[in-house]
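Shared chain: subunit A. Partners: subunit B in the first complex, subunit C in the second.
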Partner chain A sequence: MHGSLRHLPAFLYAGLIYGFIFLPVAVLVLFSFQGSRVPVPPFDGPSLAWYRAVFADDRMMAALGNSVLVALVSSTLSVVLGFFAAYGLARHRIVLGGLVQGFLTAPLTVSYLIIAMGLLITFNTLGVPKSLITIGIGHVVINLPLCFAILYSQMGAHQAQVERAARDLGAREWQVLLLITVPMLWPALFASFFLAVTFSWDEFIIAFMVSRFEVTLPVEIWSMLRSGLNPETNAVGSFVFLISVALFVVLDMVLRRRRR
Partner chain B sequence: MSAPAVEFRQITMRFGEKLAVRDIDLTIPRGAFCVLLGPSGGGKTTLLNILGGFLTPSQGQVLIDGQDVTGVPPAKRATTTVFQDYALFPHMSIAGNVGFGLKMRGVSGQERTRRVAAALEMVGLAETAERRTHELSGGQRQRVALARALVVEPAVLLLDEPLGALDLKLRRQMQEELKAIQKRVGTTFVHVTHDQEEAMAIGDEIVVMNHGAIEDKGPPERIYLKPASRFAANFMGDNNVIEGRVSAAVEGRVTVETALGAFTVDGQAEPGQTAALSLRPEHLQSGAGQGLITLGTARVLEAGFFGTHHQCTAQLEGLDSPLRLRLPQKQSPSRGDSLTLHVDPGDLVLLTG
Partner chain C sequence: MGGSARGWGLLLPALLWTCAFFAMPLVIMALYSLWQRAGVKLVTEISLGNYEKFFAKSYFFQSLINSLEVTAIVTVVSVLLAYPLAYILAEKVPARWQRLALLLAILPFWTSYVVRSYSWLLVLSEGGILSNFLLDLGVTAEPVSFANNRGATVVGFVHFFVMLLTLTVFANLVQLPKSYRKAAADLGAGPIRSFIYVILPLTLPGIMVGAFLTFVLCIGDYITPQILGGNRELLLPQTIMLQISRRADFPTASALAMILMVVVSLVYLACARWLKIERL
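Up next, the complex of A and B:
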């Protein structure tokens, strides 16, 4: 009894922090099951009416499809480009290699807003029309440095030695890449892909600034919010959140299995 | 086909300003177990990497079976390597590891299965074929690495300090096995180590390297008993090196003046040049005997029991630094004891290099 009393302030503090972080999300999810038109107390659900409305909304479904497409394609590109950049820098002595590496990771420190503005100006100057492709390019810009950093960190001296052993046993360069490097890096490749998908999935600023007619889900939600809160926005928000959580769970499982 | 297995011709390797190896000329006969021995930074691993094709020498040529392979990449050389950290493929089974080199050579199906099984049998791991590398102990991984490298029947097997990570007992056991396997398969082995006991235990031929150059090469006994240089005399086992000056040289007999007096030994030298005498600790005796000469009286500074013998340091009158001695098991020296030291002059070895 004495012990638990002593820990009371700690529990209170933890409760406040978790409340602060999770209460808004809990409220969002709760009122997505609201029965009536306004997502404010009192709660009069549960009802799945708003989810039905979301999935019946053509514009919403088109945006969802766009989001999935952009996330998968841009993440694949980020992983592939990041892998080759990391392999090149980790395995070959390159003139000004340190500088190249610095430039590759530098975008991690730049805010998405600045990146979005830069891309917008660039696309306008070059006369590139705004489309899903420009959103995809934007997401490669933010995710490539991340994939590069994760993969580069996994290509240490031990892996280099294993690749040497493969060459020593007669493997050609493409065989080393295909039979040794990629399989050994498989968990890291998978992790960086999932992280990239997660970031692309709920990225808003870049997608908003470099898109026009075809938009991704976060941009669609934003335009819906301009006409005020309603339980449908809560429902679609909960859906986006659910997917993000699912991606993180998969990612975590992959990393855990690897540690074993 | 009488060409030696390996021939280094005038090999020099520079890393920037640093000379890792210089002007190495070395021939390794077919079927030999050759050990490159030296301290770290001595150039032995660099030489091994040049032989394996991982480094291209700044100057000189490498020949394997009489063929110039200086610019040939590792994949196309008739060499395979057992790496220090084993470098097994963690995502493959043991059989997958051992069969990798055969797969790269286009050996498939039953032929590959049969050869993998035979290689695993040879290293005593026939039961582990389907297991993963992380399920094996350090010694077992070492054997897998050996089987993986030998299964492709290389002309020369390179071993880069392969026993460094094993504990002492396992290391001794693996040394015996390596030696036995080498005798059985008859492949030329080139083994790098900094452990002189390991070198003597397994090598037919030892190449002592220091500062990128060869100090001495020959069978273990010759190097131990008649080292060619001060470095070789000190690196191969415990030793006492007594500095002096040549006072006379007549027909292969050289007289060296030292702080302990003048000694005449076999060798070649010019009168007036500096020289040294190598005197192994086990050749110093505390009892007089036929043919022995007396060196003087020494005071024991430290003594320790090593099972087969007592190891001591003792200060001999007239010498600057103490001598190392190995006294018999049954003699129990203790600190402060006085010993009269004797030596057979035939055991003294002239060192001029």
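Up next, the complex of A and C:
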């Protein structure tokens, strides 16, 4: 007992910080069940009216669909491009390899705002119409370096030996890639894909600047904010939170099962 | 090992993509920043006019100062709040609960980040949770708004970066061998001295990595100040967005973005050198 009492201030402090961290999301979720039209105290729910409003909102549902589409397509492209690049750099003698690596990971050091502006100006100059495709292009720009870095770091000497063994046994290059390298790197491929999906799903500023009529969920939520505090925004936010947590739990379970 | 031609072939798609949609846009933006907008037309004559305007118009320059001030406050406050938490998690929490404790700390950030700033509005605005709480306590007689000012922006930022810094410092702390502290104790240092002279210097890399990330992400963010900070005091990203959305002035916006990029690069150079010295 003496020991735990000594730790009391520490746990009190931790509790306070955790309270601070959880406060806004708790308020968000609680008032998504608000009965009246303003998400401030007193709480007069619980009511599912605002969730019903969200699912009846065509624009919101379209934005949700767009977000899923952009996230899946752009993440797939990021993983594929990143995988080929990592494999090329790790398994072949490349002149100035360090420079290539630096160039491919450079977008990680630049603010999304600046990447977004560059793309906006470029698309305007070249007369490329803004659409879901331009959003997807932007999301590959931010996720490709991430996928490349993760996959490159996982391509060790051990895998190279297994690949060589396969080649010695007569496997062709594509067979090595598909039947040896991909299965061995599966956890890293999976993790980078999920990370890319998360980043794309949550990304606002690029999607905001290079989109026009078809928008993603964060942009649609942004335009909702103009109406001020609104329980429907709480409901969308809580819904997004639920999806993200579910995705995370799935990722965690898959990676942990793999490790065993 | 195959030939290097095949290696380049594998690298080519990623390189082309990065050239076309990352490097080229930055070059075009740099070029735009040297052009001028006259009325609705674009004057493609090279000049430093936009940059001169930045230093001449106090409105632009002030937004950079505001950004630097807010970012500095956020970084310092976040480090001060996060370090004790990381320390408690690493030293006082049993190893088997650490994973759960960290996951819990990350959990609230799985909302969309637009929604995250909005959630703080629910807490801070007039009639919100905080205002209501103070009213119930009798501290204030009327509902008070804590939103639409610099403090609200700082709170919104600190919320996220406390979590981030806790992670980087924690990762650093758990790597330190327990024997260091024992050695310090054997040599006669009390717990406070061993913390100040042994543990703290050894966790500086974790602090610096976290602080640098905080700086970069904070100074380039548009959402948090726009939602929480209101319009009385603008940060640099807000000024940049105003040039685009209100005035369609891409040359000025480009120049401001270039300045933002230079500031981040300078801080990166300063940090990188500092970190290297630390490692020696």
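Throughout what follows, the second predicted complex is superposed on the first by the 260 of 260 C-alpha atoms of A that agree within 3 Å, B and C clash if a C-alpha of one lies under 4 Å from a C-alpha of the other, contacts with A are read in each partner's own complex, and residues count from 1 in each chain.
Quick note on the criterion: a contact is a pair of C-beta atoms (placed from the backbone, for glycine too) under 8 Å apart; a residue touches a chain by one contact, two chains touch by 3 or more.
This is a predicted model, so every value here is computed, not measured.
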item: Overlay on subunit A: subunit C relative to subunit B, clash or fit; value: fit
item: Which superposed partner A:138 touches (first subunit B, second subunit C, both, neither); value: second
item: Subunit A-centred angle between subunit C and subunit B, computed on Cα centres after superposition, in steps of 10 °; value: 100
item: Comparing the two partners subunit B and subunit C, which touches a greater set of residues in subunit A; value: C
item: First (subunit B), second (subunit C), both or neither touched by A:235; value: neither
item: Which superposed partner A:117 touches (first subunit B, second subunit C, both, neither); value: second
item: Touched partner set for A:222, first subunit B, second subunit C, both or neither; value: second
item: Which superposed partner A:81 touches (first subunit B, second subunit C, both, neither); value: second
item: Partner chain(s) touched by A:184 [first = subunit B, second = subunit C, both, neither]; value: first
item: Partner chain(s) touched by A:166 [first = subunit B, second = subunit C, both, neither]; value: first
item: Partner chain in contact with A:210 - subunit B first, subunit C second, else both or neither; value: neither
item: Shortest span in Å between Cα atoms of subunit B and of subunit C, once chain A is used as the common reference; value: 7
item: In the complex with subunit A, residue positions of subunit B that touch it; value: 52-54, 73-76, 79-81, 83, 85, 87-91, 100-101, 104-105, 148-149, 152
item: Sites on subunit A touched by subunit B in the complex; value: 158, 161-162, 164-172, 175, 179-180, 183-184, 186
item: Residues of subunit C defined as touching subunit A within the complex; value: 1-4, 6-11, 13-15, 17-18, 21-26, 28-29, 32, 81, 84-85, 88-89, 92, 104-105, 107-108, 110-116, 118-123, 125, 127-129, 132, 159, 162-163, 216, 219-223, 227, 237, 240, 244, 250, 253-254, 257, 260-261, 264, 268
item: Partner subunit C, residues of subunit A touching it in the complex; value: 7, 10-11, 13-14, 17-18, 20-25, 27-28, 31, 38-41, 81-82, 84-85, 87-89, 91-95, 100, 103-104, 106-107, 109-115, 117-122, 124-125, 137-138, 140-141, 144-145, 148, 173, 201-202, 204-205, 209, 217-218, 221-222, 225, 229, 233-234, 236-238, 240-241, 244-245, 248
